[in-house]
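The chains carry the letters A, B, C and D, assigned in the order they are written, with residues numbered from 1 in each.
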Amino acid sequence: MFTKNHIMKDIQKQEDTRRINIKKVGVKTINYPITVLDKAHSRQHTIATVNMYVNLPHHFKGTHMSRFVEILNRFHGAIDIGKFKSILEEMKEKLEAEAAHLEMSFIYFLQRKKDNPECLKSCRYECSIHGSLETEDDLELQVVIPVSTPFREDECKGLPRSLGRWGKTIAAVRFRNFIWIEDIITLIEQAVEEEHEETNAGGEHHVMSVESLTRRIGKSLETERAIRSFTLTVENFADGYSTFATTGTN
Amino acid sequence: MFTKNHIMKDIQKQEDTRRINIKKVGVKTINYPITVLDKAHSRQHTIATVNMYVNLPHHFKGTHMSRFVEILNRFHGAIDIGKFKSILEEMKEKLEAEAAHLEMSFIYFLQRKKDNPECLKSCRYECSIHGSLETEDDLELQVVIPVSTPFREDECKGLPRSLGRWGKTIAAVRFRNFIWIEDIITLIEQAVEEEHEETNAGGEHHVMSVESLTRRIGKSLETERAIRSFTLTVENFADGYSTFATTGTN
Amino acid sequence: MFTKNHIMKDIQKQEDTRRINIKKVGVKTINYPITVLDKAHSRQHTIATVNMYVNLPHHFKGTHMSRFVEILNRFHGAIDIGKFKSILEEMKEKLEAEAAHLEMSFIYFLQRKKDNPECLKSCRYECSIHGSLETEDDLELQVVIPVSTPFREDECKGLPRSLGRWGKTIAAVRFRNFIWIEDIITLIEQAVEEEHEETNAGGEHHVMSVESLTRRIGKSLETERAIRSFTLTVENFADGYSTFATTGTN
Amino acid sequence: MFTKNHIMKDIQKQEDTRRINIKKVGVKTINYPITVLDKAHSRQHTIATVNMYVNLPHHFKGTHMSRFVEILNRFHGAIDIGKFKSILEEMKEKLEAEAAHLEMSFIYFLQRKKDNPECLKSCRYECSIHGSLETEDDLELQVVIPVSTPFREDECKGLPRSLGRWGKTIAAVRFRNFIWIEDIITLIEQAVEEEHEETNAGGEHHVMSVESLTRRIGKSLETERAIRSFTLTVENFADGYSTFATTGTN
């Protein structure tokens, strides 16, 4: 289909393409078992989807992708949040990169003490961590917290009926000091509970608004000293679409 | 890696494998634009995911998969539910098959007349049709209908807040006579509305149960003469899990 | 919107609906950390999506869904395949059911000894187990195994380029005797490797066909004494669609 | 659970939350039938997922989300890319917003003239458009193009076997002049074909590398005068993970 002349032209073209700089290069969507440090139990086992990539200096021609895998394999079975900086440093050095990036998304389980063994409350949170290292390292944690309209009938009698899924909050935070994932979850869930209580004060059955809930949780995150900056989105699931509001620092 | 002896053994093995009969063979997950007949507007454009496959007689060795594509391409741009039987007959004949199967899943839009232009009600339904032809043809239609807890505050004032997504109903029906997709949707949505009204009769704020809603919709489907048989599942979304109940003829 | 007469009519209707029998009732899509027995390491931690449901006798009116949760919570943190029968027995008894069903789907990781630390081979398999108990118990295991066209260049030199994802095999098996998940994976992956070798014997670059690979794996599953019955589907990913073939016992 | 004092405290807290500014507010994930202008056929029907949101001035307290729906409903059935600016202007004005955003993602079908009716080539592309209007309007188009390793056996004989899915390219472009979606697709697919030809020149069976393909497509996009700026990612699917490279202007 392609003539020799065509191939010749291509080779010339290829020479031109050498000036097109690759900005980032890496491996994506690796599924990996990891352990996460956990306030209550010290370690929990979960499964992460991992992305690893680097920014290359302009003069660099290609990279050895197998080195990503090599680094990851060495940490296999013992990757946790505390290791982020070490992995990033090793990536930056071994790949002679200007900057290194490590992203992990995973499901975090929160086990709650229950007075009532019949209850099953949501204990599953989608988390992701994006760490990067150029001259300084940077770490952003994102947590997705489901929000439901609390059930107002006597919950003890029979079947656990649900008013349905009201929506979710997505909080992405950067830290000043260390803070446990469960502390962020608790902080947000308390703000949600307060909003529910207030919306329904006086026995009336009102529905929370995304704007008001966004402001309340935003206030809680702003007040927490360990959090340096944040972005917050609150989403209310409607029939066939969602409404949402976003706030954040700066 | 493999020695000659190994290959020899394999060839003998391969002869054995001739006795392993292929039961079904076909193409899957083809995305195709289709048109659906629509009670109100006569034709609506949507996108289907198509599976086509056949059961082969035991003596048959292999099939020409390209023929599936050939048949599909001839109907391209004009596939609709009315063509199911013709496509199935052509598949059965051209592929010399014992039985032919055609599955299409698509999103069906229902446009409603609105007094209030500010409202946006769900008008999107996941449908799928499974047609098969052996000696007789058979057609099953499945519709997924979202269920939300209706909003009880004055809807005219401001923002369309939502109590959230209560759940969904999944109905799979076989027909005695022709019936429009929108008639099945209307039948189920009316049963849901009646259940809501009754659950909240007397101004009390109760929550529908899956068992009761399953029975009510089941009754409606059983009473509809055009429906020969059905399976119905009602699902209530809770915080982190769902509860469900299933009924149906058989 | 609804008059009193309407409500009256509804109540009569509701009485009618009592004759509509609920066939199955339960909880779905619960995310749960589980441990899986593992030939090499004895236990591995993963995350399951769990469905639990029962068939109810006709005279039974409603069920206590909270009991599902109660049973699940008692096994929390220690659910594994070996516990399936105990959980099913407890479900059947506590819910006074005719039959009990437990479904778990999870990602199973297979760690391989590596001579070459630079390699990262797929070690992630989607598994699901469906257990049921009526008078006898029944257990079906399904494993999805990705198939790639093996890379033919010298893998040691540089970047791990891939010819892409050829497809996948989906095997669902019932057992005569106990068999490890990794033994089924190994059995299937060996058949895939043999098929690759044979297709490319003589240095020619051919592409495997779904029919031939289906027959070869089918033969291997049929020959394995520990497997009582199976269904097997082999899928070849093409550009925009897939082709597939299915075989199985009986 | 909450005492009066608690509620009192909350009300004070709520006053504080007034200082938390909502940055963005809107509706998301609305499914809508749209028509797309198409070089060959002038109009094609497809289904879009729509997000609409605005940036609010700081002093603004709340917004009327129903107005988003009102605007969308007025354009219903006749939304196309050419209407982006009009919709954005109406959003900005009606919602008294500082900036308006409209995002649509949809499947775009490309019908090709075929000499051989037996062939089915991929004709399905995931597109998304993000339009925004502050003082100036801005439009970014993203197209995902699947890449497969071309089949090297005689394609006419029998079954359409596939070497599998090699990967995909994701191009996001901003325009200087108008350019058809199909022209961007053609430009990228030609670059892919040239890369394939060159990699396999001399009858050898090599595998394309993400870096080289990224450079070649990057060169093509850079050379196209109608494109003002772009970001390009090329992804190669491996067994259990992907490798990728990114380039772009700026």
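We adopt the following convention: a contact is a pair of C-beta atoms (placed from the backbone, for glycine too) under 8 Å apart; a residue touches a chain by one contact, two chains touch by 3 or more.
What you see is a predicted model, and the numbers here were worked out from it, not measured in a lab.
Participant: Taking CA centroids for every chain, report which one is farthest away from subunit D.
Facilitator: C
Participant: Could you tell me which pair, B-C or A-B, is linked by more C-beta pairs in contact?
Facilitator: B-C
Participant: From the C-alpha centre of subunit B to that of subunit D, how far is it in Å?
Facilitator: Centres of subunit B and subunit D (C-alpha means) sit 28 Å apart.
Participant: Please compute the C-alpha centroid of subunit A, do the same for subunit B, then give the distance between them in whole Å.
Facilitator: It comes to 34 Å between the two C-alpha centres.
Participant: Roughly how far is subunit B from subunit C, going centre to centre by Cα mean, in whole Å?
Facilitator: 22
Participant: Can you list every residue of subunit C that touches 2 or more other chains, as numbers and ranges?
Facilitator: Residues 30-31, 62-63, 65, 120, 124, 159-160, 209-211, 240-241, 243 of subunit C each touch two or more of the other chains.
Participant: Within their complex, state which residues of subunit B touch subunit C.
Facilitator: By the definition above, subunit B touches subunit C via 1-2, 6-7, 10-11, 13-14, 16-18, 20-31, 53, 62-63, 65, 194, 197-198, 201, 209-212, 214-216, 218-219, 222, 235, 240-248.
Participant: What does subunit B use to touch subunit D in their complex?
Facilitator: Going by the criterion above, the answer is residues 30-31, 33, 44-47, 62-67, 69-70, 72-74, 76, 107, 109, 111, 114, 117-120, 124, 158-160.
Participant: What part of subunit C is in contact with subunit D in the complex they form?
Facilitator: That would be residues 120-124, 146, 148-149, 151-153, 159-167, 205-211, 236-241, 243 of subunit C.
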